[in-house]
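Okay, got some structures for you below.
In the two complexes below, chain A is the common chain; its partner is chain B in one and chain C in the other.
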Partner chain A sequence: MSIAFSHNPASDYLRVRNAVRHFNTPEGGVVKALDGINLNIGQSEFITLLGPSGCGKTTLLKIIAGFERLDSGKITLDSQTLLELSAHRRPVNTVFQSYALFPHMSVGDNVGYGLEVAGVKKPERVQRIGEALEMVGLAGIEKRLPSQLSGGQQQRVALARAIVNRPKVLLLDEPLSALDRHLRMKMQIELKNLQTELGICFLFVTHDQEEALTMSDRIVVLNGGKVEQLGTPTEIYHRPASRFVADFIGESNVFEGKVVRFDDFGADVQCGELLIRTEDRNLITGSAVEVMLRPEQFTLLDSSTSAAGQQVLTATLEQAVFVGSDHQLVCRLASGQQISALVRGHCHHLQVGQPLQLAYSSADVHTIPAVF
Partner chain B sequence: MNRSLGKTLLTGYGWLFFLFLYAPVALIVIYSFNANPINVMTWKGFTWDWYVGLFGGATTVSESSLYVDSTDQLLDALLTSLKVAFSATVIATVMGTCAALAMARYRFRFKGFYQALLFVPMVMPDIVLGIALLIFFVGAGISLGSTSIVIGHCTFLTSYVFIVVSARLAGMNPLVEAASADLGANEWVTFRRITLPLILPGVIGGALLSFIISMDDLVITYFISGVDSTTLPVYILSMIRRGIKPEINAIATLMLLFSIAIAAAGIYFKSRNTAQ
Partner chain C sequence: MRALSRETTALTLLLAPVTLFLAIFFLIPLGIMAVYSLLEPGLYGGVEWSFYHWNYGRILGWADGFIEEFDIVYLQVLGRSMGLAALTVISTLLICFPVAFWISRLPAKQKNFFIFLITLPFFTSMIVRLYAWVLILRDSGFANQLLEWLGLISEPLDLMFTGTAVIIGMVYIFIPFMFLPIYSSIEKLDMSLVQASQDLGASPFTTFRRIVLPSVMPGVIAGCILVFIPSLGNFVVPDLLGGARVVMIGNLVEQQFLYARNWPFGAALSMVIIAVMMLLMAVYLFRVVKADSNR
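Coming up: the complex of A and B.
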């Protein structure tokens, strides 16, 4: 019986239902930190909560950890209601942005703190501390004090201190934001590997979209206390559900327009003077949409390349910036709209003011229902 | 040229400043070894007699010239002072630390008002506090004695502990307490394992400060001490009424040494670990 009831579908491990949390500002206003959030998260998923500051991502993390209360709504973890438990009874652990290591305890005591509080005997504790430190690549530094470690090492100790308790969910509150770029990218990969190895759910908060795209199984894009989109990095990047997501993740060229014709293979969207072909279905003639093209979806045509099977835009080059392997081209269409294209290869022959032929595939054109 | 003149003047001023502060103290220490029993300020020769006399030892000076009526009384007063200071310190340290924790960690109505109330005893004139306490004790039917002195001292010592511990709490990352809760520790375990060790230098510093202030307090204690509970400062005052005698210099020197030792310990504990 109990076996049958303890079964959890993969994406039902952590459930957030209609989570609402409003804050009163000193000025008498109300900030909707969470405004009816619904989430279903699987047992071993790497989930990133992504959004600009003030979108509610950290509030949600704090509520799951037990440091903040919910006005209304429900959160269950592994079929267990979380909200009635105080923070120290929840089977979750947090990696804090500022690490929050205990400055008066050695690294070993820091990592072993949760085990000691839980009553784990010393021999087992010592062994598990060693394993956790090894997992984060810091074997053998048990005796040192946190103040004797670098920022990156403190970060790893904070991680070890959390995972040693084998939490059901590991909460990470922008843990990489204090590290330099090189170390941050290294840690992103290590975190992802660690999560795969442990097989537990990671709930990672960040405002850095690149970080989110690199590590996550799925990304939750939050804005103004609402979920804008929940999807895999590819879905979020190529099929943003809203203009906000399109603008927030990566760079995008967005055209506002109206569907003028549709058939079984896609639709034509009139955006001012431009007619853009998309392979998106389910569009109805007359409906207002926004059309999105990523800068890297353009290719530059010259006399030697043909545009077979491709759509072509004509634009005037305004600026070309060399960004390593690619060139970032800022162009202006005849309609006056500015577009950005990222093209590979040599572009030294290009001159400002020169007309360019930018080709794109109608399969890459993504449409977003326009909201007015 | 001008610059070096200014520097010389400033250095001179610095020395004069310290001379002004410490010359009287230095004189007391020097004259506590003066062998002249009649005129304390006329140097006659070096002697340990006053120290020996304080503790009832045989001295070369005649018995009549000693102002300490009996060593027993002096030691009684010292014992009362130590007992009062110890009790008041323990109580004030616990209350002051609790108050500081409450102010630093919780939000509640009239918090600013409570905070102001905690500062008031420090700025209130001693004489006002002394009279107020006396009226209170008499009105409440509490007999004056060691207990009333301890209660009286706690009223202002709590403020000192509160301020020292609050400063220490302000420098502590409150997230470490959240981290402790996150790792499964309840509030008591968090306090014992995390908060207390981190604020301990402040708590010990506040306790030592309380101890010296309590040992040293004269004005308030004078009002609220009973006949059989004289503290050392009150006793010394009564000795001085009958003229300044060399023993007083000796007592003052001993108290000075004691205070310096406690203050040094206080500074040591207050500054320990603050580098983190």
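Coming up: the complex of A and C.
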């Protein structure tokens, strides 16, 4: 790689600059589907656009595909400006939420459609169709009609139809949402493997945070047309940049408070009657922050275990739910705030109304700057 | 088993009225026509009950051998009628297809308004609407006045009582019959298929040819049948707008029954129209069945 690049050119493959798209609602309002989005995406990354419905994730995907225009901003792919190209000239392919298989064409013709309109000769076409179908685990079904396939098979055909064209970016618009849970989890792993094998950029849209955490190299959390956070699944989960991300990804216990003391090793945050210790060293006295603890970061203390080196919260047990390997404990603090803890092991002896000692490590306490 | 037979009984009872109605008012008259077409015409209308094949002979050109000479004028009229009906189908198709596309893209409220406009003519008598066209097309009519005012012509155009006038009238009458089936098939068209085609690199033209057209074809064919059949047998439009100069097969039938009082010949002409239509339908159905079995 050229030394002239100060940044990593690999993560510059797909660039979105200040993308803005507003829609007028029939009631006369304005919906900011995209409100100044910036993204840098690498050549072979699995990127997930995650957010609640209406956050702009599908709009962004449609703009990259060419089905929706941009009010202002710029998108480049492999140093080529995308927005001037009409949809059929863009080197990207989409897997649609509804699969959008052509009902009057056989599976083979569906998969070969892109190659055919690109002028690929029949012998090569037939071979590539076969390879693509084999890749998605459906070898030898070229002759069938889409209506003769199950939902999961249709999904795979839609995938084969897109990857057979070797796009620079594969866009996936909530492709797994119509599948049942078991199949969906299987497809998540297959999709990730396929992406690794092909080595092309996947841009995957979903509202399912579990799906995003399972598959992605990096996740873009979108809310109200803005990027809330862009990071690896671990970063997003353990170091959420905002209250929204903390609430949207997984379960979280968030306490609002004020920094009352800081030193070289961290700070003390006063959250009502609670004093929470964090190892965040970037806090100064008097600043308002939110501190977050994931339910699984608590451990349950009983008479036999000591809390050496740990912080302890006292709460009253309100409900204990067995969720398989763990117990989910819903507890109430003296302040009235409800917290959730996920603990391992036997909890049969616990009784509702009983006071519990919940221990946590100050290293796990993540702080989010409070926004007012 | 019992529930099934009860269902069958209910079905029979429900279907009985329409079956009876069709039998009495469609099949029996059709049978009468078929029989009449093979009888000798009575001197003052009506029929003589003796077998007579010259009705069909006359249509095919061989006259009865006494007064008339070999002349295929009736086949020519049939041919011209089919030509006019085909032109009507093509014109309505060319008008309705883009309009249906355009309307299907509008917001729901405007859509319903335009559908209402298209079906609006059904609320008025066809005769009244055709007389309106007489007022528009005649020498001193609206069309000629407008063209003269615009300076495009100095002499009034000869529009009335021409094939053009008949086509205009037929297209006007049959537009809703073409529009509605096409519109409903376009309305059902899954836009994500169009997007998928574009996404896979197909140009707008290829997308139209490979994806849109096959999807809306059933509606187009239904529209063509719904327009072709009534235009082929139509006699009101050529009567009012074509006058004596444009005679269609429907006019021939009308004349034979009402003026010439040759019922058997009129019946034979009707049978020929029916045969032509059934033949076309059979060709179409055969192709559909073949296309289905190829899948």
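Keep this in mind: the second predicted complex is superposed on the first by the 364 of 372 C-alpha atoms of A that agree within 3 Å, B and C clash if a C-alpha of one lies under 4 Å from a C-alpha of the other, contacts with A are read in each partner's own complex, and residues count from 1 in each chain.
By our rule, a residue touches a chain if its C-beta (ideal position, glycine included) is under 8 Å from a C-beta of that chain, and two chains touch if they have at least 3 such contacts.
Note that the structure is predicted; figures quoted are calculated from it, not measured.
Steric overlap between chain B and chain C is present once the structures are superposed on chain A.
Legend: residue contacts after superposition of the two complexes on their common chain; A:N93 is shown touching both chain B and chain C. Contacts of A:Y360 after superposition on the shared chain: neither chain B nor chain C is touched.
Where the contact sets of chain A with chain B and with chain C meet, they give residues 65-67, 86-89, 92-94, 96, 98, 100-104, 113-114, 117-118, 161-162, 165.
The residues of chain A lying in touch with chain B in their complex are 65-67, 86-89, 92-94, 96, 98, 100-104, 113-114, 117-118, 147, 161-162, 165. For chain C in complex with chain A, the residues that touch the partner chain are 190, 192-193, 195-204, 206-207, 210-211, 214-215, 295.
The part of chain B that touches chain A in the complex is made up of residues 173, 175-176, 178-186, 189, 193-194, 197-198, 273, 275-276. Within the complex formed with chain C, the residues of chain A that make contact are 65-67, 86-89, 92-94, 96, 98, 100-104, 113-114, 117-118, 145, 161-162, 165.
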